[in-house]
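Multiple structures follow.
After this come two complexes, each holding chain A, first together with chain B and then together with chain C.
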Partner chain A sequence: MRGTVALGPYLTGAIIISKTTLDSKLARVYVETFIMTVTTEPEALLSHLYKADGSATYSHAGYTVIGAVNGPIEAQKRDELPEEAIVDVIVRPAAGVGGTRERHLESLLQSTLRQVILVNSFPRTLIQIILQITVTPENEYINGKLVQANVNLPVLPALLQTAILSLLSASLPMAATLTSTSLAIIQEDGRPHIVTNPTARQVEQSKSFHVLAFTSQNELILAESEGAFTLKEWDDIYGAAYRKCCTTASIGDTDTLMDEGTTGADLKRFTRSIIEQKTASDLHWK
Partner chain B sequence: MAVQADRVFVLPGDEVPAALIPSHPKKALKLGPGLRHVPPSELIPTVAGQLATDHKKNSIWVEYNGGRYIPAVGDLVICSVQRSGPDYYYVTITDYTPNAILPQLAFEMATKKTRPQLNHGALVYARVCLANRHMDPELECVSPTTGKADGLGPLVGGMLYDISLGMSRRLLMRKSVEEGKVAVLDELGSAGLAFETAVGRNGKLWVNSESVKTVLIVGRAVKETDENHLNVEQQKKLVRKLVKEMN
Partner chain C sequence: MPREAEPSLNERAFVIQALQEGQRIDGRAFDQFRKLDLRFGDQYGVADVTLGKTRLLAKVSAEVTAPYTDRPFDGIFTITTELSPMASPAFEVNRPTETEVLLSRLIEKTVRRSNALDLESLCLVAGQKCWSVRVDLHVLSHDGNLIDASCLAVVAALRHFRKPDTSMEGDTVTIYTPAEREPVPLSWLHSPFCVTFSFYGENGEMMLVDANLLEEQLRVAKLGGTAVEGTSLIQCASAAVARVKEFSTLVDAKLADDLKRRDKGGLLAELSAENER
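What follows is the complex of A and B.
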């Protein structure tokens, strides 16, 4: 017997699953109780904007972002670089016009992505990446007070993932792909506790909040942190993010691991499978 | 051509299985699009796609569809004239990219006095003869060795359709029906329609015919084949339907 609790589409929360097993030999009923973290699987749609060179919509952990990539296109004379392409990232918020918060995100994305894209292949050109946030997690209320993420970072993993999927859809040459996740350290029963993909409320309560991104070669490429934490805590965060973003399994035996109830989604495998599906349907004639 | 067993999917930065790299005793290994050689001996894919190899030519490349066309020497493209300079026509191959140049004397039998007059918007079927990341691409409409046009030159009349890069590659294959699995043009021809087409590697299809109806039907048939990933059977069905609608 298995009981599941329905959660809102974007909520991450703890649910209790009771498993009742009947042991026939001893004629005893065991009731096991687990606490499991439930994260909705990431979802993506590729190349759905036909005017753009590449596009993707990605939703995970309450955020939905539409990305469009154009490039390599002509750069303005005053902007162009003689030896490499300019990577221009534009982030548009779900509501209102962008401000300093978006500029901060853009600068983080720009410096990350230009290390992955082979910018030297297209000197004096422009690669334009537009990211429109369409859905943010529903606001949570505590004692009638609205809790909103007052930091910029929680949306960063979704933006990075969307940008990478759009770039793959645009077939722009890259050195590697990226996976990114967010983590928070929350004090629980006097002990620090790491939560991946925290909700707005958890971010609010957390001691520190971190966003890490890894390349497909399992190298750390982006690490942004907010709040107070010790070096030891950061090491734990790094370990947790590494397990989330980088699979040690080789390509061949991905299916076997899938069944073992790995917590949450394996982002690297997700990116691979979604692009593989797209390529297979594009090359159906082969 | 490509062996069926090597349908290996790669992402940028993946490892290319060493067993798949063709090894020819004499010929040098040729790398096609989507692969990068990192000295001394590493091969790294730069785009997502399927690895394809040709053991006869000792070549390996990544097959993919989509993105923006990047000019490569020898490709046939359909470009539109932007403006004319003293010696060159400035033409666009893809939108929002710097103009390519087409020398006014790079046409069959062209001399200073008999060069073609092309205005803004005129379409030209041309071959890329210089493509280099640091320079604007250069085109020609004449074979430099024989001096013949070989079908290249201004495209008069007709209509231009946008198709995906993968589709244009399939249409340009020497055996487009067997290898590319596009039978739609052959079917339309055998259904009694008279038309001419030109396929540009930059994702353009030009169709011309005496009757406007035929132009529209051919363009629609190819675009539908492309967008809906139709197989040969479905293409035949589509053509039958379109021809029936026309009459």
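What follows is the complex of A and C.
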């Protein structure tokens, strides 16, 4: 069901193409190529880079980000803080040079991750988090400008997840893990409608777009919004994001989870299972 | 930032002595490459090259801009190689190291200045509109021999890349989105590849290909440092020819595989608006 939601606008687009080219076969090809680029389930790979202390590749909802963590390492004299570690986040776009948008994302990530990492345990050191965006969903209807990279809020959940997984892979002590999701309010049939993990096209058409992140103790840690929305709408967004990020059925209780009809992947469970797999493979020799 | 750790004296002596006895620390022959793997992304123009523990990602992008005023008939082609701290904490953002300068200079020389990409074919309206093709090279993991691996990644990514199709009617240029017309490949003239040889010993009598990071730190000739025998240079050239042929067949085979993967039901030929030449 999630798959059809994510592919909705693409499917309609494909039908329009078939009208203009008068060939239904061609439409099928397009649909297939779209499916190839959209991943509905999150996927992750841990500790695959040799040089960095910790690394992770995370892909979800059309975004793929490679993250690496070095730390705690020696900080430069002019930067070091006497009582805590500096958290340095570097976001690099897939194509083009980073600009103000990347700096904005970096500052958001920095202030969020600083609260989660136990920075007080490592005074006068540096924890470096490098996030390399490799795949962003392409809008097949627009030839985008690429030299000035166009990274924005929609990539933030993927960046946060990658950062957390890389930190876990680097075994840096943290007070909590994070789960994060993006939501959009789209006007449909005259009434607002919440879409989780909207596609690039849905973000474009949306009234407002939100990114929320929760800690593993179910506390809100990051809320970024774009566009116009009412307080009531924000409450609905909060509720939807909370259900997506925080609810996880107790282990062995998968059936009730299915019945509840939660949209898409359970992020908290996902992070947990990835780490469980990693630990199991690391302790394989025992 | 911490500096790259120098190999210790013991390590240095061990590696050099092993080389003198005809052994490399990872058990390879002197003229043997590490395992080379090339993968393409779901999007056009993304190549992921793994050479042993070295891993690189090249991404090609294109957009329409105005050409340089002194070259009105040529398109613009740029390659950016920026080493991030991901490759090693010794690299800093916005502060190029010697490795980075060397790498970007060599890639520029082999790919851009050898005219591998036909720049005139990127021109749309002389003096007004042209394609600007850009390659971003990301080093994900650095374990030596960045030059050979990045050259391969750049060439593979450029050959894999498709730019949006265009048409001309009088003075107006129409650029079609991927949904309207299947994108077209770049006009590619030849595929250059690099093979790096490292010399060791007092007079540079030992010659290795595909040195890993530790071996790279120990070699004698850096930045054109020591003199090398003319005959060994000829040897290098003939060894490189054989190696480059292997690279070339690898890229061709991988490109063919990728095309087969994309061409589901054999309909890509129908989608193409290009004429047979």
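Observations, loosely collected:
Going forward, the second predicted complex is superposed on the first by the 223 of 286 C-alpha atoms of A that agree within 3 Å, B and C clash if a C-alpha of one lies under 4 Å from a C-alpha of the other, contacts with A are read in each partner's own complex, and residues count from 1 in each chain.
In the analysis below, a residue touches a chain if its C-beta (ideal position, glycine included) is under 8 Å from a C-beta of that chain, and two chains touch if they have at least 3 such contacts.
Because the structure is a prediction, the values reported are computed rather than measured.
In the superposition on chain A, A:A176 contacts chain B only, with no contact to chain C. In the overlay built on the shared chain, the residue A:N70 is in contact with chain B and with chain C. In the superposed model, A:A95 makes contact with chain C only, not with chain B.
Touch criterion met: A:L168 reaches chain B, while chain C stays clear of it.
Of the two partner chains, chain B is the only one that A:L118 touches; chain C does not reach it.
When the shared chain is aligned, chain B comes close enough to touch A:I275, but chain C does not. Contacts of A:I130 after superposition on the shared chain: chain C is touched, whereas chain B is not. On chain A, the surface patch touched by chain B in one complex and by chain C in the other comprises residues 70, 73-74.
If you check the complex, the residues on chain C that touch chain A are 1-2, 41-43, 46, 53, 55, 57, 59-63, 65, 80, 84-89, 93, 132, 134, 136, 138, 140-143, 164, 175, 177-180, 262, 264-265, 267-268, 270-271.
On the chain A side of its complex with chain B, the touching residues are 47, 53-54, 70-74, 118, 121-125, 168-177, 215-217, 271-272, 275-276, 278-286. Within the complex, the chain B residues that touch chain A are 2, 7, 9, 11-14, 34, 36, 44, 46-50, 52, 63-68, 70, 96-98, 133-134, 166, 170, 180-182, 229, 231.
Touching chain C in their complex are the following residues of chain A: 13, 17, 20, 23, 25-26, 28-30, 32-33, 36-37, 49-52, 55, 66, 68, 70, 73-74, 76, 90, 92, 94-97, 128, 130, 132, 134-135, 138, 140-147.
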